[in-house]
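As structure tokens, here come the structures.
Look for chain A in each of the two complexes below; its partner is chain B in the first and chain C in the second.
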Partner chain A sequence: MREAIEPYVQFALKAMAREATYRFEVFTSIGSLAVRVYLLRVVWVALYARNAAPHGVPLHTIITYSAVALLMGLILDIDQTSLLHDKLHDGSIVVDFMKPISVPLYLFADGTGEVLFHAALIVPSLALALLIVHIDVPSAAVFGAFAVSFLLGYFVGFFLNFILNCVAFWTLEISAVQLIMTWVTDLLGGQIVPLLFFPAGLQQAIFALPFAAMFSTPLLIYIGEIPPERYAEVMGLQVFWIVALGLIATAIWRAGARRVVVQGG
Partner chain B sequence: MREVYRQYWRINLLTTLEYRTNFLLWFSFTLVYHGTAIAALWVMLNNFPSMNGWDFRNMAFLYALWMTAHALDATFFSTIGEIPQWIRDGEFDRLLVRPLDELFQVISTPGAIFPDELLLALAFLVVAIAANHIAVTAGFVGLVALVVAGGALIDLSIALLISTVAFWFVQVDALRWIVLQLEQEFTRYPLSIYTKGVRLLLAFVIPFGFMNYFPASYFLHKADNGLGLPISVGLFTPAVGIAFFLIAYACWRFGLQRYQGVGH
Partner chain C sequence: MEALLMPIIETRALRKTFRSVVRGEGLAGAVGALFSRQYEEKVAVEDVNMSVEAGELVGYIGPNGAGKSTTIKMLTGILVPTSGTIEVAGIVPYEKRRQNARNIGVVFGQRSQLYWDLPLRESFELLRAIYRVPLDRYRKNLAHFVQILDLDRFMATPVRQLSLGERMRGDFAAALLHDPKIVYLDEPTIGLDVVAKEAIRTFIADINKRLGTTVILTTHDLADVERLCRRIILIDEGTVIYDGKLERLRDEYGTHRTLVVNLKDPQPDFELSGVEIEHGEPPIVKLRFDRRSTTAEALIRRVTERYAVTDVAIEEPEMEEIVRRIYLEGYQKPAVRAPGA
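Right, the complex of A and B next:
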């Protein structure tokens, strides 16, 4: 068992080391987070200044929501499987198919390493954010539920990205689609504005999409908008998305992998 | 020079026609980028009547002014942002030995440029003007055109200044990235919501406020513009654009004369 896992641990460690060499990216992602935290503060303060709190969400809650959403974005906005796209683009995927490894697991390990490195950035980013805004801290139980839901949201995001990158088996080029996906996820996932603020009719449709399972569900648990009685229901929906997207990803991967073999690289 | 520039646009259009799928992809990219930005503003303002006295229609006009000026710059001068990359690769040195102005050569380097974003921006500007019930007179159209041209000059000058820095410091991505973020996200909201230091920065140091906020305050007859300046300061945009471009161009010439290559 240990031997079976060992190569993938090494892949993950290698990915962490690779990410650490991009010092410029590290600097800008922390700097940009601080700028965004400042922006969210002035924007919500200005909106609340002359108006009543909508949906009973007070200013300090919305600031907490937005700041935590930005920190989550450090992880959820990463495309963990972009390696697949790169490898399809330059054809080096063929070499990986010849190795005695499971390629999807290799991609998962590489993505996990990348994400773990970026997760470490949360510490300095959070410290910087706390200089600018106050973030409410919920009870340990609620925070625990948030952590579980965040992890589930991470897997929803992983499969969405995986499916998207598999499209490159057919089209080879998906950069524009990737960027579109990030913005759509941020908006429809409730990262920019809480989904509670969307008009009622639209809200139902958006809550039914997998994007809400990435950002919105853990965030609404964090601010207490989703009470403990509903944890089973909302996390059940997250699990549903993981299973459904996982099945789609498997099917697309099989079809795509066969295609590469046919092409002969 | 005119012939070179004509050929440049011919190649751009032919390239776009050749790579139709790619064009459609990047067009949807543009559409979604501006679409999500405007949708986010709409959802926010759906729950609050206004932000510092600006309702959604006002903010749509604010966005449209910035978008049009930015798209105008991006359509004709986008290659200026690529100079740092060319300097790093040594590509730039080729331009120095040709008998044409270097900056002209930069802006006439073909890609797959098509004025799709500009057309989209103009359409949105028309919608935003109508939504705000602004009386469209010949004078207004002329002023908007001047403001947009001035805004594009500001946009262009900032890109040129950043690229000039690359003559000395080869790696300017971080600087460019931060300025870009300031521009894209901070121009979406009324300048008056920011703290004093940021307001001054956006008005006088990196004058993005002149691209949309000051002129929009003037056109929408707002009572104040966040810095206690007379409201007609919004009409200074073309002057600010020209002044800023002259400064940027002087810096560019200065950098160009001292440029020694990066050792290729």
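Right, the complex of A and C next:
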């Protein structure tokens, strides 16, 4: 058992080491986060000067929401399976298929290592953000629920990215699809503007989409907009998306891998 | 020891066809292909039968597009044959890809299996985990490869900073860390300088001899083949056209030799019957003769009877030339065997 897992643990560790070699990127990602926290504070303060507490959300809450959303973005904005696209693009995927490993598990482990490295950046980023804005801290119970929901959101994002990268099995090039995906996630995920501010009629539909399951659900738990009695419902929806997207990802992977073994990539 | 007599690689009537999209010309064709697709069947491997014993070192050669890489991919299990059977070390590769992977090592001249961003040493550690090589075994193998491939100087260098020669040496160690029974080498010397080529060739000969590793070597560099392979399999248009000893091919095909004559004075109208004459840099003439109809000794005698000669040399047919002829004309087993050749 230990032997079976070890390669994947090693993949994750090596991915962390690899990310650490791009030091400049590390500093710029922390720096750009601080700038974005500052800008969002300016924007929200200006907006709230005209309209105090829209939808009953006070200014300090919305600033907390934005700052936590940006910190979550350190993890959720990473396309942890971009390796698949790269490997399909340059054909090096065949080398991985010649190894005694499960290729999707390898991609998952590599992505996890990449994400874990970037997760470590949350600490310095948070320290920097706290110099700029005040961040409300919820009760331990709420924070615990947020953490679980965040983890579920991570898996939703993982499968969305994985499916997207699998498209490269057929097209090799996926940058256009990725761009659309980024716009949609930005708009409908609730990272920049809370979905509470969308028209009531639209909200129901948007909350049901997988994008909301990434950012919006954990964030609304964090600021207390989703009360404990609704945890089961919203997290149930997150789990639903993980299962649904997981099944789609499995099917599309099988079809793609079959294409490699039949058509030679 | 019956097991030793069983072939380690065996293919029967192996065939692989690909379906590819037929595309019209230019932009209109490209756009058209987006909407309606027409496919054509392309035969990459027509009919390959090969049987390789454990411990053999076989050169698998043929012109571009002959089906070499497709065959190798089927042997590694990443490509499913259209028809025919294939067995490698008792396993059907495409049915048990991962199990087959443990028995084989692969080196591609044009593609590295090392991890680009990581120091060479870390790639090896990763491969140890992947192939579950016991630690003591790993240390022993690595120490050996470091020594004979001279890897010490760049073990801590990220792979992307290595020269091609260094990277190839790293790739060889990577392919062999888990003591594979069989290694497939796909153009392992491509782009290397003479010294690096020789280092790689020595290494291949060594693992084959010392470890008994079965080697399938695909190459366009016939010097690799001449230096390393006792047996070659020649493939063209997806079919094996020759399978046997290298020398036999040379005997059968290399019927012509060249006598290089250095004359005392230039002879622009040099003449001699029964040979092809090619004028080199004066005063050199080259006489291409069929060694089945005359001997070098007789020819030299005839030349020296008529001309003043300072030096002679005999050029053996280059393997390169023999293979070029076969690629161009196809392989025909010569009907007349050389008398007493």
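Operating definition for what follows: the second predicted complex is superposed on the first by the 264 of 265 C-alpha atoms of A that agree within 3 Å, B and C clash if a C-alpha of one lies under 4 Å from a C-alpha of the other, contacts with A are read in each partner's own complex, and residues count from 1 in each chain.
The rule is simple: a residue touches a chain if its C-beta (ideal position, glycine included) is under 8 Å from a C-beta of that chain, and two chains touch if they have at least 3 such contacts.
Just so you know, these numbers come straight off a predicted model, no measurement behind them.
Visitor: Evaluate whether chain B and chain C can sit on chain A together after superposition, giving fit or clash.
Guide: On the superposed model, which is not a single observed complex, chain B and chain C fit side by side.
Visitor: Using the superposition on chain A described above, determine whether A:W170 touches chain B (first), chain C (second), both, or neither.
Guide: neither
Visitor: Based on the superposed arrangement, let me know which partner A:V42 touches: chain B (first), chain C (second), both, or neither?
Guide: A:V42: touches chain B, not chain C.
Visitor: Between the C-alpha centres of chain B and chain C, what angle is subtended at chain A's, in steps of 10°?
Guide: 90
Visitor: According to the stated criteria, A:F143 is in contact with first (chain B), second (chain C), both, or neither; which is it?
Guide: After superposition on chain A, A:F143 lies in contact with neither partner.
Visitor: Tell me which of chain B and chain C touches more residues of chain A.
Guide: B
Visitor: Regarding the shared-chain residue A:W183, is it in contact with chain B (first), chain C (second), both, or neither?
Guide: Once the two structures are laid over each other on A, A:W183 reaches chain B alone.
Visitor: In the overlaid three-chain picture, find the nearest pair of C-alpha atoms across chain B and chain C and give that distance in Å.
Guide: Minimum C-alpha separation, chain B to chain C: 5 Å.
Visitor: Let me check the overlay on chain A: which residues of chain A are in contact with chain B and also with chain C?
Guide: none
Visitor: For chain A, which residues are in contact with chain B within the complex?
Guide: Residues 24, 27-28, 31-32, 35-36, 38-39, 42-43, 45-51, 54-55, 173, 176-177, 179-180, 183-184, 186-187, 192-193, 197-199 of chain A touch chain B in their complex.
Visitor: Which bits of chain C are touching chain A when the two form their complex?
Guide: 18-19, 44, 70, 73, 76-80, 94, 97-99, 101-102, 104, 106, 108, 111-113, 115, 117-118, 122, 125-126, 129-132, 158
Visitor: In the complex of these two chains, what residues of chain A are touching chain C?
Guide: 3, 6-7, 9-11, 14, 17-18, 21, 91-92, 94-95, 97-102, 260-264
Visitor: Which chain B residues qualify as touching chain A in the complex?
Guide: So the residues of chain B in touch with chain A come to 22, 25-26, 28-29, 32-33, 36, 39-40, 43-44, 46-52, 171, 173-174, 177-178, 181-182, 185-186, 189-190, 193-195, 198.
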